[in-house]
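Would you mind keeping the following structure in view while I ask a few things?
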Amino acid sequence: MLGNEFGHLFKVTSFGESHGKAMGVVIQGCPSGVEFLPDVLESFLARRRPNQNPWVTSRNEADNYEILSGVFEGKTLGTPIAVVVYNQDTRSKDYDKIKNQARPGHADDVWKLKYSHVDHRGGGRSSGRETLSRVIAGAFAKMYLQSANINTEVTTKITKLGPLENKGNDTFPEGTKQLLTEAKEQGESYGGHIHLNISNVSPALGEPVFKKLKAQLATAYMSVGAVVGVELTGGFKNTLKKGTEFHKQGEVIYQGIRGGISTGENINLTIAMKPTSSILDTAKQGRHDPCILVRALPVFEAMTYLVLADTELIKKLNNI
Amino acid sequence: MLGNEFGHLFKVTSFGESHGKAMGVVIQGCPSGVEFLPDVLESFLARRRPNQNPWVTSRNEADNYEILSGVFEGKTLGTPIAVVVYNQDTRSKDYDKIKNQARPGHADDVWKLKYSHVDHRGGGRSSGRETLSRVIAGAFAKMYLQSANINTEVTTKITKLGPLENKGNDTFPEGTKQLLTEAKEQGESYGGHIHLNISNVSPALGEPVFKKLKAQLATAYMSVGAVVGVELTGGFKNTLKKGTEFHKQGEVIYQGIRGGISTGENINLTIAMKPTSSILDTAKQGRHDPCILVRALPVFEAMTYLVLADTELIKKLNNI
Amino acid sequence: MLGNEFGHLFKVTSFGESHGKAMGVVIQGCPSGVEFLPDVLESFLARRRPNQNPWVTSRNEADNYEILSGVFEGKTLGTPIAVVVYNQDTRSKDYDKIKNQARPGHADDVWKLKYSHVDHRGGGRSSGRETLSRVIAGAFAKMYLQSANINTEVTTKITKLGPLENKGNDTFPEGTKQLLTEAKEQGESYGGHIHLNISNVSPALGEPVFKKLKAQLATAYMSVGAVVGVELTGGFKNTLKKGTEFHKQGEVIYQGIRGGISTGENINLTIAMKPTSSILDTAKQGRHDPCILVRALPVFEAMTYLVLADTELIKKLNNI
Amino acid sequence: MLGNEFGHLFKVTSFGESHGKAMGVVIQGCPSGVEFLPDVLESFLARRRPNQNPWVTSRNEADNYEILSGVFEGKTLGTPIAVVVYNQDTRSKDYDKIKNQARPGHADDVWKLKYSHVDHRGGGRSSGRETLSRVIAGAFAKMYLQSANINTEVTTKITKLGPLENKGNDTFPEGTKQLLTEAKEQGESYGGHIHLNISNVSPALGEPVFKKLKAQLATAYMSVGAVVGVELTGGFKNTLKKGTEFHKQGEVIYQGIRGGISTGENINLTIAMKPTSSILDTAKQGRHDPCILVRALPVFEAMTYLVLADTELIKKLNNI
């Protein structure tokens, strides 16, 4: 209960079980007159799509979206935007044999404990497939920002992937392809760190005292499965410096958010994701990702755009 | 706007400017019949009180609370609980000279940018004094849990304090007193890491998908000033292990929360706080903490109890 | 914005434009384990369906519903329940000629004023077709109550229909069929009063002070198009009596709600609906109801079940 | 639970028991920079004050307010505005003898049923004294509108008072003073009808579909004790007219709200309030109002200003 909504004024309601009829989302609070940009949505969908390359799950989903409401003649109406994606490759029968068998490391048993009656097929609603609703919503958030001439940009890259490190600006560390191809064969899995940069940020976003911008971003990312840590980039390390070093004249550590409010400077965050739980035999048999980070990038971007759209709307209200 | 509330069913509304008339809080959703335990509240207040020892700010506040409503004959009424603490040692005149002068590292200028008209005295509502409302509310959350025979316990300790490390179970690293006494003299400041342990947790707390328990805790801590990172303890480091190592049989990494839901096992989190911004001359002249971590411990505990009370109430609703 | 949701814990999000792809609803907060009863849903749908008899609009909609999520093997999962009804008989072209022509008495022009970009076809989202989402949600609310062994029953009847009066227990006044058949021919329309009875009510429903049960019911009914008044039955007349008469020993006026809270006694309400706006030529040409009251009965029942389900869930939280 | 808040963006949290320490309110979402106008607040307070003339309760309360936060140097800060009124004339001992004795017609017993532990003194939180919080909040809502150059005006008059009728523009029917003076002597009480006019309304207020302006106003008034009916003025009578009469060319019935949205035309509503429950001996002994309507006028105005401030803020969000 109460957990399938995100946002205050730009508000997302997510629904759908992994092997049910459809995944979907209702977006409330998107102003009217926002131009619908199919490219923005399709790019998000393509990047989180399963079966896009050999390193990700082979579940075969075209993820064709259908807009049921809220968009008319290429523009939003200001009414709720409902978008669904019908599940295709559900193979529910595959899951019958493991119906009463909790998969190690998965949420199956704790979910059962909480709800008693559960959809055991492929994790039901605890599946990563739920992030489909998030990227759809995030795409609309991005369209809203663009229509409102807010040019904030969110980019992500994997900075650490198991043993690999990415010191440049590429999206993936060198060697990613090989590491993951081998992992898939061996039933190995990898976690790592994702770096997220927000540039061209409007000042004055974030709401003191409980909804500071950093608090809203942290909950956005921590709500994604497998995330086990969030920091303003370098936070855990930098906090061990003396104050006179940390706050040194001219240095701009964490200048992007002060007092919980955006200053207009860039914001940098790092997210830690654990290795996927499906390993060894389980991983080899099923349709699993050896590393969830690759497909997670658009999800974090989407969550960021949702926070940005929401806080931009709230900003309209601050002064008379 | 929209930022002074925390929680869904056990809901806190915080108010008050640092040098205004009073700080206060309204707590909604605390069930009726909860025994009011002054000791619980006073212990929280004592631990975050200024001027409690030489390492913390010398602002002299007795922090006497007054319960205005919601408690009658020693028990809660189920109606809103309003508690206020009148500000005593406000010395507003001290701030007149710096009225139009943003203090470096503080939120003064960004707050001004956001609200135009601000209370410049001592940070106004961006002051750490606001956490007074949090510990009061957290104390009531704890009382609710106790009355409902939920014996979850939250403990905190400082594991890293600038150069110091605490490997044992003490609240402070060895050498804390000396380090901070010197810091106060020199206008130095320190940040560090706080470890938070939640034991005797009820299973099935946390609401998929956006309000996973870890997401609610992360936003609770990140909403506190100076916090720059939150992780399930060791998260940033552990995520770099191979999946076959991370999920090794018998190991219980992050077993406390699975699928975003509590399992009943202990939950461990680490919080990174930056050194306070008031350094050098500013620090020496004013009334400042050379290290905010000491007084922050009860604040993180309070925020945790708030999340626990809230999720316990939500749990009542899951099944028929 | 902010207007497409109803309820707090049993929460409905409605979407869909009259001539868009589909109408639909997402229901959050329905506990897991509630038995899905197709009869309950289909009975509601049948009673508000267009083209069910000669007195109602001839728009031909089978209103076949599709459950996209939240129900598995005949029971709710505790996850969001999404239900859609694809629009069939949309005849959007009929509306092209009146694209820039506000229909008198309709919301077209004020909607345009508010949102700038609108779906002009058949009223878009301001259409009565939106109540489809309400009856679907109300049916699930009723199923929840039944699964929880709460046997509250809601019944409605039309007590006044233009010149006709219904003093008995029938659903319609004598002469309804003839009056409405003639009205349809002549382009006339009628409003009237609906009486709603709630029996077997649980005591202690309703939340002081702003969410008294009467306040929640009033907003539920007033949110339906064409409603221009709500009273505890006889309220406008009875308030003119002296207090010594009104509160006479033994009399049980408005005993069903006291202090805003249900007592367990029956609750009676009367709702006033105005005549439909489509009259004369407009009415004869298009597909319109000469009297909306007939099809509105299940809508008011549904709204009542939603309030009941919501307040029953809240009731679980009052005491420790 | 969940019942002590009103509004979405201009949001009120009310607290306080009639014979507890204080009544109070926290107002969230009032933009910064709103000029504080003591006259507006004091005028509201004076009109609902007890003991203002012989017809109202003799409880002697100066109702001196204290602003604890959110206002600085004569202007709002954009932070929560907390205002309290300490209770003075509580005479709690008067209530000891009736501690376990439910007063007929009052909410005492049903409140006891709901919360188990209650403050029995003077109705506790079910007392009409709670409306103090409403008028304080309403006054700030009015100040916000004025600061934003929104000149909407709300006026009220008693159109029916028991046997008396007011056909003109005066606030009270002729004979009010005599009727109520006699009622007070005899332990009689009266109810009646209040007419409320909203002029200079901004167009486009109200949020389809569940938060139509009429729905928000209806719940605002129905949340006040003793209210048993709300209509767009004349609604119950007018709905019995034929459509061709009701919608006659040139007539402007209910033009103020169409499709649930304000059009800019005046809005007229009628509210029915029942006679106070304290009659005969009870009324003669205690401190009671023989007619609550007189002191209720500013309460309905305040509730209206709250809805207006809230919907005006929401209006800012509709378009890009």
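General observations
All chains are identified by letter, namely A, B, C and D, in their written order; residue positions are counted from 1 within each chain.
As a working rule, contacts are C-beta pairs under 8 Å (C-beta built on N, C-alpha and C of every residue); 3 or more make two chains touch, one makes a residue touch a chain.
No experiment lies behind these values; they were computed from the predicted model shown.
The interface with the greater count of contacting C-beta pairs, when A-D is set against B-D, is B-D. Comparing the residue numbers each copy contributes, chain B and chain C share more than half of them at their mutual interface.
Relative orientation of chain C with respect to chain D corresponds to a rotation of 180°, obtained by superposing CA atoms and rounded to a multiple of 5.
Most remote chain with respect to chain B, judged by CA-atom centres, is C. Within the list B-D, A-B or C-D, A-C finds its counterpart interface, over half of the contact pairs alike by residue number, in B-D.
Centres computed as Cα averages put chain C at a distance of 27 Å from chain D.
The distance from the centre of chain A to the centre of chain D, with each centre set as the mean of the Cα atoms, comes to 45 Å. If you average the Cα atoms of chain B and of chain D, the two centres end up 37 Å apart. Listed for chain B are residues 1-2, 4-5, 9, 14, 29, 31-33, 78-79, 114-116, 125, 208, 317-319, each touching two or more other chains. Taken as a graph of touching chains, this assembly is fully connected, with contact between every pair of chains. Only residues 1-6, 8, 14, 104-111, 113-116, 125-126, 130, 160, 162-163, 183, 187-193, 203-204, 206-212, 214-219, 222-223, 225, 227-232, 235-236, 238-244, 246-247, 254, 258-263, 270, 272-277, 279-280, 290, 314, 317-319 of chain B touch chain A when the two sit together in their complex. Taken in their complex, chain D has these residues touching chain A: 9, 29, 31-34, 78-79, 144, 147-148, 208, 313, 316-320. Partner chain A is touched in their complex by these residues of chain C: 1-2, 4-5, 9, 13-17, 20-24, 26, 28-29, 31-33, 66-70, 72-73, 75-82, 84, 114-119, 124-125.
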